[in-house]
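In the two complexes that follow, chain A is the common piece, with chain B as its partner first and chain C second.
Our next item is the complex of A and B:
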């Protein structure tokens, strides 16, 4: 599971899917997560990085991160290998 | 620098209204052609078609008779216009006038007027009421549909397709029906306006996409530009859209062009269902009203169409800008009564 390679993400958090023409807006933390995914980090590694960087409890991160990834999936921004 | 040749091109579809004809968009593309200069002759049916008064886009206009008045009357009028304007080419932009112009094309050719239209076979095969056979013949996915000539046929199709279903006119207009009353109402309204048959089509749930393109008539693709509508009017017309790059859509369109040997411009209306399958809902045998987006993304389809018609050298486009948008707008022109009087009385402006 990876972020689709052709998804364009601007510095302001504007996301464009060139396959479908759909666009979305991410908040600063969403943008940070997308940036890490674009760098090639896998979902687990991104989750760990966010937990390390921000002073927050694990459960909140787990839940919000899970919701965010579900949303990316729902909007067809993720490709499933194989 | 070598002067470019000026080509005299007659264009119909000047009704740049809320459900626009493609004429103005086609003419804008022609004005931006790199290979030639143009003099645009507008051909109109009504005195209030906005394109008549857009003198920076349309150089001179003439009224022509409706297709229903017969090809003989139309040909006489074209001969008259040709006598004044020395036309090199005519680009008809309405579905309903394609057959008369196809019939006239050998006669027009003798006068030195080129066209670049689909063949009769291509035109008929993609008609809405022939779409299921078309899909089967060329192995392209289309929704189930059937043409009916009276309202009693509705009941049978309702039990076959269930609700919602789509009720469509032969050339124009469509409505989605969620119950038998709505289906009956669409049938009556559309048949009263556009005649019979009425096409009843299975409703495919999904996302709608549109593709415009150009085939050279030998099975080769000259251009393909896919678009997603972003803003749709109550008549279902795109008021805004964005170019996209879905490979499956491009593959599907290449298959359409190569298998049918499509000749001329076209528009495919597609629905992508939840499993990612594309269905062809309609094939329009001419350039769409949003054709100027093709110019905006780097594939000037109107110019390429003229090159094909006139036998000029042409290379297939290989690239276009993705994420380029068009946004339509309305604009009030102020027109002197003399102009309206001129076109209304003399049929020329």
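Our next item is the complex of A and C:
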């Protein structure tokens, strides 16, 4: 599960899918996770980074991460293998 | 390095269609304090959920309404509508401001007496006054507003029996051009019922007809409807004066004024569109002054406004239980405030504001209460800043009807705090406990034991 390679993510939170012409915005944490996904980090690594930086807990990050991935999936921003 | 405040990640598709006519998010700043007391501190000290009432707001709102009427009309009296919020501390703020009591049951009547209101300054409304209630009200020389003929006959009988002349008014219902017409209470103006009742009172010679009362509806969005009602009551009063040479001492316009709440289905926020005290005052006083009363002989104007005086002084604080998604992808947030304590969620789109800092990101959210019941919906669709589990929020304008119509259902009712004009938080109603509920129950002997 990876973010599609051609998805453009700007520093200001603007996301563009050239396949469909659709644009999105994300909040700073969303943007940060997108950046980490682009770097190829897996869930455990993303969670570690978030826990280092923010006042939260493992369970919350896990729940919210998967919810976020589901949103990315729904918006067809995820590349499925095979 | 101190860690940053966490916010759940969101991504939103940008739409280039027409702007949403219902607008975007409305919450721009968190509501961290109420009258200088921190919301977090209140919840830490008194629990969540928690009702909070601002004494300062009650007094300011009362003074605003009083000013609107007294600058337009020479004789005005307010009577606090007990059913709207009969917590004793709340009632006493209004009594300190000079309000009489307006009650609609024997229970409320007793409450007013116990609060120290003189019987002469209690207005007794409502369709269900028992004979015992009426005896007490007659003995105390209270103002009895008659709702139906059976009550009238009972009062005439009691007056003879007690050898007292009760002070009475009749409640009048009428067509004021607003749907639905509230014609279930009192006597109708147009079809002659009101005159029939007035004739019976005047000819009995056992009652003192002191007033005329109406209460045209609730959350009235048209101030002019009150003008029509005042005109019709003035017409009746002048008719009685002409026919019986008897002066009606007061005209009671009841209540039904709006608060800042937004009715369900309204296009625009109530705070921007609902009439204000000035609008109601202008409609009512203009109708009375323009009627045929002699300028120096206007009747006393009584107002029983409840909601408009207390709603905006009440807050309900709560906490987020969890964030979820519905099957269609919509965000839903479950909070610890349910419709059992926020009855008015059935009527209004209550304003909900997070109680801690938030970013400018928001999500369309369904706000559910904690009850295991499908009806437990606080907001069907609200654009809310992102809140985490355990975060606090403030629901605004909950002072009217919730602390009287709340139900002990599934959960126990919470504490009520009043932030006094001294800036201190005062506990004015304790939370319920298991004991406070089960102490009313009785167990038959044969049901005391069981084996599983």
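The rule is simple: the second predicted complex is superposed on the first by the 82 of 82 C-alpha atoms of A that agree within 3 Å, B and C clash if a C-alpha of one lies under 4 Å from a C-alpha of the other, contacts with A are read in each partner's own complex, and residues count from 1 in each chain.
By our rule, a contact is a pair of C-beta atoms (placed from the backbone, for glycine too) under 8 Å apart; a residue touches a chain by one contact, two chains touch by 3 or more.
Everything numeric in this text was worked out from a predicted model, so none of it was measured.
K.L.:
Answer with clash or fit: chain B and chain C placed together on chain A by superposition.
P.N.:
Because the two structures are overlaid on the shared chain, the partners are seen to fit without clashing.
K.L.:
Based on the superposed arrangement, let me know which partner A:36 touches: chain B (first), chain C (second), both, or neither?
P.N.:
It touches nothing on chain B or chain C.
K.L.:
Treating the CA centre of chain A as the corner point, state the angle out to chain B and chain C, nearest 10°.
P.N.:
Roughly 90 degrees separate the directions to chain B and chain C.
K.L.:
When the two structures are laid over each other on chain A, which of chain B and chain C touches more residues of chain A?
P.N.:
Touching more of chain A: C.
K.L.:
Does the superposition put A:6 against chain B (first), chain C (second), both, or neither?
P.N.:
Touch partner of A:6: chain B, not chain C.
K.L.:
Between chain B and chain C, whom does A:19 touch in the aligned arrangement: first, second, both, or neither?
P.N.:
Once the two structures are laid over each other on A, A:19 reaches chain B alone.
K.L.:
A:78 in the overlay: touching chain B, chain C, both, or neither? Say first, second, both or neither.
P.N.:
The answer is neither, since A:78 touches no partner chain.
K.L.:
Once chain A of both complexes is superposed, is A:27 in touch with chain B (first), chain C (second), both, or neither?
P.N.:
In the superposition, A:27 touches chain C alone.
K.L.:
With the two structures placed on a shared chain A, what shortest C-alpha distance in Å links chain B and chain C?
P.N.:
Between chain B and chain C, the shortest C-alpha distance works out to 6 Å.
K.L.:
Taking the two structures together, which residues of chain A meet both chain B and chain C?
P.N.:
The overlap between the chain B and chain C interfaces on chain A comprises residues 22.
K.L.:
How about chain A: which of its residues touch chain C in the complex?
P.N.:
Those residues of chain A that touch chain C are 15, 22-30, 32-34, 50, 52-56, 60, 64-65, 67-68, 70-72, 74-75, 77.
K.L.:
Help me check something: in the complex, which residues belonging to chain A touch chain B?
P.N.:
6, 8, 16, 18-22
K.L.:
For chain C, which residues count as touching chain A in their complex?
P.N.:
The contact residues of chain C facing chain A are 3-14, 323, 325, 329, 359, 361, 386, 388-389.
K.L.:
What residues of chain B sit close enough to touch chain A in their complex?
P.N.:
207, 209, 227-228, 230, 241-246, 322-323
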